């Protein structure tokens, strides 16, 4: 594992890896997202209680799940960066952050849109939505801290510490919010009674979860490439890459 | 041999390379004057040698060990920030500093040193009321307080008058003669004893 | 140990008491914030009693954040932090000593003030006991975790708002458990589980925060 990973601490190698991964992530995303969404939105059976409004889970659940996963991924990148002093790890971390924040926002937005038919209000202090909201704040903190520094090396390290503090807190926040929710509202309707989802509804959901994961991977890779180019603009290899691109464009 | 050896140091700030594969050796009796324009990385080099920041590659060793407590005990680092709290007086500032650095020293000794630096009557005035040059002298009193073998001095002469510069230079010469090692930056040429001073020239890179 | 006490702790306490005006500002801030609530939501005793734990805890968190900036800022700007880093004292011990000073200066007065606040907000004796215990157990957590964010932003200009942005979401679990403990006390229910969780969080912070703070200080000084 170590031997396999270690070369990617160098920005040039990481850039190459991004180039290799990019088409795979993009392809998987388009394939799965189109299949999953069309299946889920048009062909999956409607819910007997909620009718067609339940179909928003095909966006809400993947984004909610992956917003948490993206945060954990960000924290892992942060830890790798701190322990092994990899610049590329910090760059990866900050490449993931806004993508994760957008996922969280999608989860909140779809959750609110779903809340309207379910509870009759756009916003209810439901445990899951509250956790997502706090997660969005945590993402904002990491991003704001990163952008407050002029020296991006320092910024990466500082944001990494905050990401780690956040990731220790995420389970505590989750647990505390559920506690708070049951305390104040008694038995509320939880959105997901676990066994109740039918396989015909489940398959498109799984496809969309994978599609959203590839989407995060794809955008992260694009952002990482950008970050590397911006930070290493004076290095010879970047100049070579850029002039190659330019020549390619001229030839066409 | 107590020597400070830095090998193949490189340092980048804001994604700009300040220096690459820079090696410095500092042995007892050496007096190294680091010269170069603003932004050449002099302060960064000194901070790395002091152990305050880490080089991007390369290493710094003291007596064939990485920088640790034994090095801290042998080092006086003077940065361009004086390291004095503005709301308490010179005497308290130096006493707290001595306590932090594990130096036992009597008040009288501190008074004597401050008197030698022409700060008589300034001992119990809050540091913020002293002039820039006087603050610099209080900070440099550390060169008398701590028995050290390496001094790292970043622009020690800023704001000092000619008399102050003379005292500090005399102290440096005494220290080098005792077998101490000094690495310093200064934009003004050092007078006297030029045969003992060696130079390290750094240049500004884009 | 005596080096740490003589050189760092005593110095920080001396500095704190040299700026007496600043010393009382967080406490007065807290008092004013708490007074705003009866004016804002009405003086009904039952209503006040219901919101009292949340109000006092939120005010305590905010006033703690106010005093947070001076934890490392002055020492960073005047270069004392560099000298401390090179003193041979372990940086995590220095950080812990500074956090202890912050707690003593910013939160201990609040705990002494809390009987008055409890009276203003119509708390009963059981609630008041629970409030004191949660404050004693929980406020060290605020100082410890707060010091991490403060150490990270010490090199930045005007970072106090950023520090709040970073810290407030992190303090939410503490707020939830602390207020829930006081509410349980109001209903004559046992509240030891909440206290145990708060104590566990504080222990976790005590074990890990000093190292995070010292790493953060190294990053800031780079």
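All chains are identified by letter, namely A, B and C, in their written order; residue positions are counted from 1 within each chain.
FYI, a residue touches a chain if its C-beta (ideal position, glycine included) is under 8 Å from a C-beta of that chain, and two chains touch if they have at least 3 such contacts.
Small disclaimer: the values here were computed from a predicted structure and weren't measured.
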item: Farthest chain relative to chain B (centres taken as mean CA coordinates); value: A
item: Pair sharing more residue contacts (C-beta pairs) when A-B is set against B-C; value: B-C
item: Chain closest to the assembly centre - both centres taken as Cα means; value: C
item: Centre-of-Cα separation between chain C and chain A, whole angstrom; value: 32
item: Length of the line joining the C-alpha centres of chain A and chain B, rounded to whole Å; value: 48
item: Centroid spacing, where centroids are CA-atom means, of chain B and chain C in whole angstrom; value: 37
item: Multi-chain contact sites of chain A, meaning residues that touch two or more partners; value: 151, 153
item: Contacts with 2+ other chains: residues of chain B; value: none
item: Where chain C touches two or more other chains at once, by residue number; value: 222
item: Chain C contact footprint on chain A (complex, rising order); value: 82, 134, 137-138, 140-141, 144-145, 148-149, 151, 153-154, 157-158, 161-162, 164-166, 168-169, 172-173, 175-177, 179-180, 183
item: Complex contact set, residues of chain A against chain B; value: 150-153, 231-232, 234
item: Chain A-facing residues of chain B, complex; value: 12-16, 206
item: Residue ranges of chain C in contact with chain A within the complex; value: 145, 148-149, 152-153, 155-156, 159, 162, 165-166, 168-170, 172-173, 176-177, 180, 183, 201, 204, 208, 212, 215-216, 219-220, 222
item: Residue ranges of chain C touching chain B (in the complex, touch as defined); value: 3, 6-8, 10-11, 14-15, 18-19, 74-75, 77-80, 82-89, 218, 221-222
